[in-house]
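Have a look at the structure below, then the notes.
Chain lettering (A, B and C) follows the sequence in which the chains are written, and residue indices restart at 1 in each chain.
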């Protein structure tokens, strides 16, 4: 009898929960509308535009049009700069993060480095370009100092406005970003693992080779991909440094939006599609790789 | 241990010099406006420019509007997803990560195509409409950071118990959200707000392509026309970013401290 | 003679003295527990034996070899950690075989040894799993197998059971003890759980504030604690404030006789202690002491009934077995509490 009465008592409570939670959906509505109208639809329409010609007929001509030498060259240079700044940033950032987390440096350095990296990874765009022009530009402080001691940067072919200059500048936000992303992963390396290795007879190097690096590998690779995407989409720094003189994909797209330099709006959509594909794939790679480590470290 | 910390010191000092030398050099450069002496002349000149004052205050207002809109859009979504619609979490999280995948220049290209003056919704046709579009664009750019910050804040407090306690006292959903939940995740929201602010204040691509007189386009203009003002502005913006991040870290660590 | 000898071992962190001159000899094949509250230095001692901490002074020898300044890798000891510390990127097989791989053993030998070890910890079918696919108890078995695979001279166990559920804790504890007996491996076990230490050890070292308070078999430690700290830390104890008299003790006006007189002169204030199981409500020929008191609280716990009796300001708790045919005594009843004078422990007041 008593079990029957408890059953009937719980029923009304379950009835109160409607199938569709109207209040919750209402609360979610601003987000849904916003993402539809200012994120998904604009991008979707744009990318879909890559598959249509001026008269609205379906075509692959725009995609094929991307094989124009000037467009291919812009992608290649973009990929090179992004890859170089991502690899360099990842490598240097990893070394820096490791020395602070596991290198036996005083503990007060950590919050200092963290705050600095938070600032520096956001210090991109025009001010960064200004800083590098003032430092290693043609009349930059460091350029003049080096000239004074007998090293003529620009005489030896260096310029801030090409591949190397842009890579050097991008590293200024890439390295701190790497430090920020990688520090939690490094913190995830438990002290007990190195102790367990040590007591099983492994040297410090063997521990890194067999344990730490395999654990960090997905994070390292994933973070590099994120850095890559980060550099690939950067417009402001490149524009401010080189004006329109450097032919990289985002600058080309910028010029296309400004003045239809390709003389074909739909080709511009294809250009954008290519960029989204590249950054998208890098991000997907990043998510897949970090979820792999997350599973291990759970 | 001694040897490895020597290597760590070398790495750290090399890294630190790469980051500090440009700052010092830029600062030195910015002081050279007057011939033969160091002065803050460049800074004075910048501050007196009406174009600087106008563009900076324009971006300031826009950044604040972005923060407010961002909070209004993100907080209810994060709250209801966590409490009542957990099945939607993967989808919502995916959407919030989209701005990291779609480069800003592509997104603004999409806006220009969808909201141009000959479209159904010609936002770019009027100044106010364009300003609104720009603000919403900044909300999109900041979405990943805002959402993550708020979501982390919500996870840190037991929103289910708080909500049920408030319900048992007779509060409705709006009261719970704004009077109970919001104050409890104040520092998380502030953290997201500061990042949003930092993103919006100096943004270039959106403002330039939507042709609004914001701080970013002003920076570009001065960069291509002047010599000593740009480094002064770089130093200023570095310290603004530093101040924003510093306040943010204080807010975040203050939250940890009380827990 | 002793397989492991720790002599005059000291560890200081700055001015903080964590271990203060510990002496301990452990025989081959012996299972010794270091028992004490957190911060007593037990883990530091274990970590010094492992080589993770360097001793400020003193020596540690294993099998006649002075290992005090050797690196952990050169000591050939095995260790099991509280949080398992399995390598997350390796399968169970990879984890167990790691030590032998580092030692450069041939693959066939590693394979055979891993199989033997997994058989020992009853995880033969789990070789291809990753640590995150195992339960806590299973992970700790793997950790045990990994530590034993290198045929260590000494096995060090650092609170290996504290992260586990109560049920698994007991069963794994019994398994560890059985394995240790079979292999005859000298073992040092660190724990803060007195029940664990009592049930598993050949000998227990009770540690407090960096010193060994008492070293003895579980029986000795429990029944004849030599200090108030040991008496209080191991098992539960009823303590009474008393004054020494000519033939025994005066507990707030009630006189009890005791042969365990101690050295205290009459009139000295002392603390007497009694294990709960030494007390009874029934008189018996052996229990010549009795105290009159009032029942303050009766808690029915199932198989036993816990009773608290007050004698003035002194209180005593003890359990009686539940008797289905008789109601337990009720609150407020006046009772006589009987105990054997031999069971009285006299603690320094």
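Keep in mind that, in the parts below, contacts are C-beta pairs under 8 Å (C-beta built on N, C-alpha and C of every residue); 3 or more make two chains touch, one makes a residue touch a chain.
From a predicted model like this one, the values you see are computed outputs, not experimental measurements.
Ignoring chain A while keeping the rest fixed, chain connectivity by touch breaks into the groups B | C. When every chain is reduced to the mean of its C-alpha atoms, the one closest to the centre of the whole protein set is A. Inter-chain contacts peak for the pair A-B.
For the pair chain A and chain C, the distance between mean C-alpha positions equals 53 Å.
As a whole-number value, the distance joining the C-alpha centres of chain B and chain C reads 56 Å.
Taking each chain's centre as the average of its CA atoms, chain A and chain B sit 16 Å apart.
Multi-chain contact residues, meaning those touching two or more other chains, do not occur anywhere in chain C.
Interface residues of chain A, counted against chain B in their complex, comprise 21, 23-25, 27-28, 30-32, 34-35, 38-46, 49, 92, 95-96, 98-100, 103-105, 109, 111, 114-116, 118-120, 122-123, 125-136, 140-142, 171-172, 175-176, 204, 229, 232-233, 235-236, 239-240, 243, 250, 253-254, 257-258, 268-269, 272, 275-276, 279-280, 283, 287. Those residues of chain B that touch chain A in the shared complex are 1, 4-5, 7-9, 11-12, 15, 18-19, 21-26, 28-30, 72-74, 76-77, 79-81, 83-85, 88, 92, 95, 97-115, 136-137, 139-140, 143, 173, 177, 195, 198-199, 202-205, 209, 216, 219-220, 223-224, 230-231, 233-235, 237-238, 241-242, 245-246, 248-249. Residues 190, 192-193, 195-203, 206, 210-211, 214-215, 295-298 of chain A are the ones that touch chain C when the two sit in their complex. Touching chain A in their complex are the following residues of chain C: 50-52, 71-73, 75-79, 81, 83, 85-90, 98-99, 101-103, 130, 132, 146-147, 150.
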